[in-house]
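I have a structure I would like to understand better, so I am pasting it below and will then ask my questions one at a time.
Chains: A, B and C, in written order; residue numbering restarts at 1 for each.
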Amino acid sequence: MRDKRYIPSGCAICGIMSEQGRLFGSQMIMSSIATMHFRANGLGGGFAAYGIYPEHKDYYALHLMYDSQAGRDGAEALLKNYFVMRLDEYIPTRPVPVVKNRPTLWRYFVSVKEEVKEELYDLTEEDIVVRAVMEVNRTITDAFVASSGKNMGVFKGVGYPEDIGEFFKLDTYKAYIWTSHARFPTNTSAWWGGAHPFGLLDWSIVHNGEISSYGINRRYLSNFGYECHLQTDTEVITYLVDLLMRKHRLPAETAARVLAAPFWKSIEREPEEERTVLEALRTVYGGALLNGPFSILLGSARMMMGLNDRIKLRPMVAARDKDLVFMASEEAAIRAVCRNPEHIWSAKAGEPVVAALKDGTQ
Amino acid sequence: MTISYLTDDYEIVRDESKCIKCQVCVRQCANAVHSYDDESDEMNSDGGDCAACQRCVTLCPTKALSVRRRATEFRQNANWTGPVQTGIVKQAETGGVLLTSMGTDKPHPIYWDNIVLNASQVTNPSIDPLREPMELRTYLGRKPDSLDLDFSDGAPRLKSQIDKQLKLETPIMFSAMSYGSISYNACLSLARASQAAGTFYNTGEGGLHKDFYEYGPNTIVQVASGRFGVTPEYLEAAAAIEIKIGQGAKPGIGGHLPGEKVNKAISETRMIPEGSDAISPAPHHDIYSIEDLRQLIYALKEATNYTKPVGVKISAVHNVAAIASGSVRAGADIIAIDGIRGGTGAAPTVIRDNIGLPIELALAAVDSRLREEGIRNQASIVAAGGFRGSADIVKAIALGADAVYVATAALIAMGCHVCQKCYTGRCNWGIATQDPYLVRRLNPDVGTRRLTNLLRAWSLEIKEFLGAMGVNAIESLRGNRAHLRGVGLTDTELRILGIQPAGD
Amino acid sequence: MRRIYAKEEVCIGCRLCEIHCIVQHSRSKKIIKAFQEEEDRPLPGLFVEESGPVSFAVQCRHCDDAQCVAACMTGAMRKDDQTGAVTHDADKCVGCWMCIMVCPAGAIRRDLEHGKIASKCDLCGGEDTPVCVERCPNEALTFEDRGE
């Protein structure tokens, strides 16, 4: 099912968020990503959507991909060790002829068993979800957890994103954050799980680029119990985000200073207190520095962040219009859905663009 | 006493058509190889004591001299080679342990030469270090897993400072060489070059001459089994302290500075009587276990009020990974590992040539072990032992080293030609000697400049490597074994090195 | 003016300064030819003094108030206005050796082979770095203006 080899990739990414938490349909994100068709080669496309399961918002929504019944049996047995299943069902799809070799797609709305929490008293509930997800992905050959957050989901597969979106009936969902990815892997073998977004808990990452520091990022993460076994650099980005922002509780702006650390020369120009913090961040989190060309969009329950590598070797344009924030690989992808935004700018190297739910928004 | 059965290793070839009888060779050879016969107005050379140090060859103004291996052939024998026979003859004549200096000259495998590096093509751009920033800055010391930050004012503020770190502008330091084993001018050159390049040199166990206190911010002081020159002022003057347990060239063996080298200045610096032998015991006699090491680490931390990193230097032996892990858990902030190709001022030849592990394997094992145990952040790793150039250094950093120690290369930069005679104290280049006639041969201004140039050159090359790999900060190379591939290595070697074979 | 200074602490007593001085003032200026073929090669204009491990090269200080110039009755010793170098004109020298008597540095020697000529440093013309400084293997000689 999975290619064990490292797959570098080029791509297109885009994301749209309502900072008011207003739910809107998939039409804009579909048009936006379709504008950048040329950046993809049909070997991967996908979407993350936040706010899509309001009726199940207290449960972890697990999106699973199965390549065989054995995979499904194994994964379900494993999941039942950790979770109480509130609901499970097929992920709704519609026939799209060009979308071929589909895995079985299933979703589960679950909560962590009380006795598991008691047994694993040194782990948080989220840690337990991460552990279960990793266990499935590592040990069950024909099963893959595509997303595991609350009130969100990742929909992805092999194909152009516009076809994948059609296949997953995204027109039937409403979300306050949509991100999307069109893939151009430079290795022809592509599989459904390897498409973006990459999801863990409510983090989702879409990524255009290649992380040249992958080798050390991966080994650094192993220090903290994250095992990367998918051989994609997007996986390490996701885990780094989980480590920095969930476990170490760094806010997005600070985490961005780790992932795309400022140059020492810039740090030295800062006033002393800032300098001390930035110096300590680089010293302590050197293994988490993402190096090489990238632009990423991080989605989460309350915010969306765009980030470029420290010398901006990949494109990223951002725009604001009323409550909406747009980020995309190309300006055209924004103007296609918002012809004259109030502000439009090119994101700077290493400086995060953060869109966040307004205080008090549910 | 009968004649010696030893035959000369080298002979001098003098091109009479070029020799002008200026006698520079006579004046420069401390081994009295060259002489001038006044009566017959002839230059003579006797290769007997020639160490092939190239001093005469280098200084001869007409390039009339060359040194060659003597043409005498021992009868061909794969077992009883010339060097084997020579060693036996020496011992038959002296009844002593054979001594030598510098790193082993035996053909131990150099794994660096079987490891190739990666570069960017198409999918990620390489970076031009002449046009883009390229960062080599490295911090050595204990790092927490996460930072204690306060966000109450909005902007993050450190709630508590992290442990003191050594700040290196390039990941290359000068390895331990004591004042005594090398000259005052050599020490001064190392100290000044470290200051100029923003890195560190290491005192070895020779103490710190009063004149060098001003270079304290670039000095790592050693506390070794002899405790020579260890005073509160000595510890206070340094940027970091290193407990020396072992040395790659002579694991398990102590040190011996002969009394004739212990002149007034060295006696004062080491705090031993003038003319007395300085003997470093094989073990620290207060460290017979890991818990004893912990006591010394914390004694030194207490003595310096937790203001300096305390490192432990060990030689690479079979269970190096476990020893390193134990040392980190015992409180070491920096672990220096010295491989079998590391150098020495004096060691028994058999020890130097037969004990220890190649640094590549030891380094890989230690880095992997600390990561498996989740304690890699708690200490920095410094690799040592025969680093020949920037390529070796880049590969070591990719294997997992934070920085490297170089010593032999530094000596070569100052003039050393690796004649392996340091232990005789007659270094013609004025480096490994205390002879007042010889020490002046190393002008510290020249030594400083040559060392600074070497560090600069290697740093520039490291930046080229980083740029080619498409990263612009050394931390993205450190431990990044994905950028390494093995060529011509066995599966077992690849497994220990933690790298894939080329093409895979 | 720029003068030659010796750093005795790093002089290694190799005497290459003397050798290169001789070559510089030889007819051919080629080291092997000067020593092997030229019979009339000059004495070095500087010489290395040694006492135990200490050595350094002694050469004319090119004094501002040069006693040798004052003492020279024929005008063979003169001080160059441009470079400040004290030079010696062999054609004018009569070999009275008063210059040697008054020199406070002991930097002038008799060149017995060439009769009356006093041998001393001429700063190699005083424009470029003198050859002894240029070729000293340990930078024990410098050519600099210390404002003296």
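By definition in this document, a contact is a pair of C-beta atoms (placed from the backbone, for glycine too) under 8 Å apart; a residue touches a chain by one contact, two chains touch by 3 or more.
Remember, predicted model here, so these are calculated numbers, not experimental data.
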Taking every chain's C-alpha mean, which one sits closest to the mean of all protein C-alpha atoms? B
Considering only mean CA positions as chain centres, point out the chain farthest from chain A. C
Cα centroid separation between chain A and chain B, in whole Å? 47
When the C-alpha atoms of chain A and chain C are each averaged to a single point, how far apart are the two points in Å? 80
Take the average of all CA coordinates in chain B, do the same for chain C, and state the distance between these two points in whole angstrom. 44
Report the residues of chain B in contact with chain A in the complex, numbered from low to high. 120, 122-125, 127, 132-133, 135, 137, 139, 143-147, 149, 151, 155-158, 161-162, 165, 371-372, 374, 376-377, 398, 469-473, 475-483
Enumerate the contact residues on chain C facing chain B in the complex. 7, 9-16, 19-20, 31-32, 35-36, 52-53, 135, 137-140
Sort out for me which residues of chain B touch chain C in the complex. 17-18, 20-24, 27-28, 59, 61-62, 185, 430, 435-437, 440-446
Looking at the complex, which residues from chain A come into contact with chain B? 6, 8-10, 186, 209-210, 212-216, 218-220, 222-225, 247-248, 250-251, 254, 261, 263-265, 273-274, 276-277, 280-287, 289, 291-293, 310-311, 313
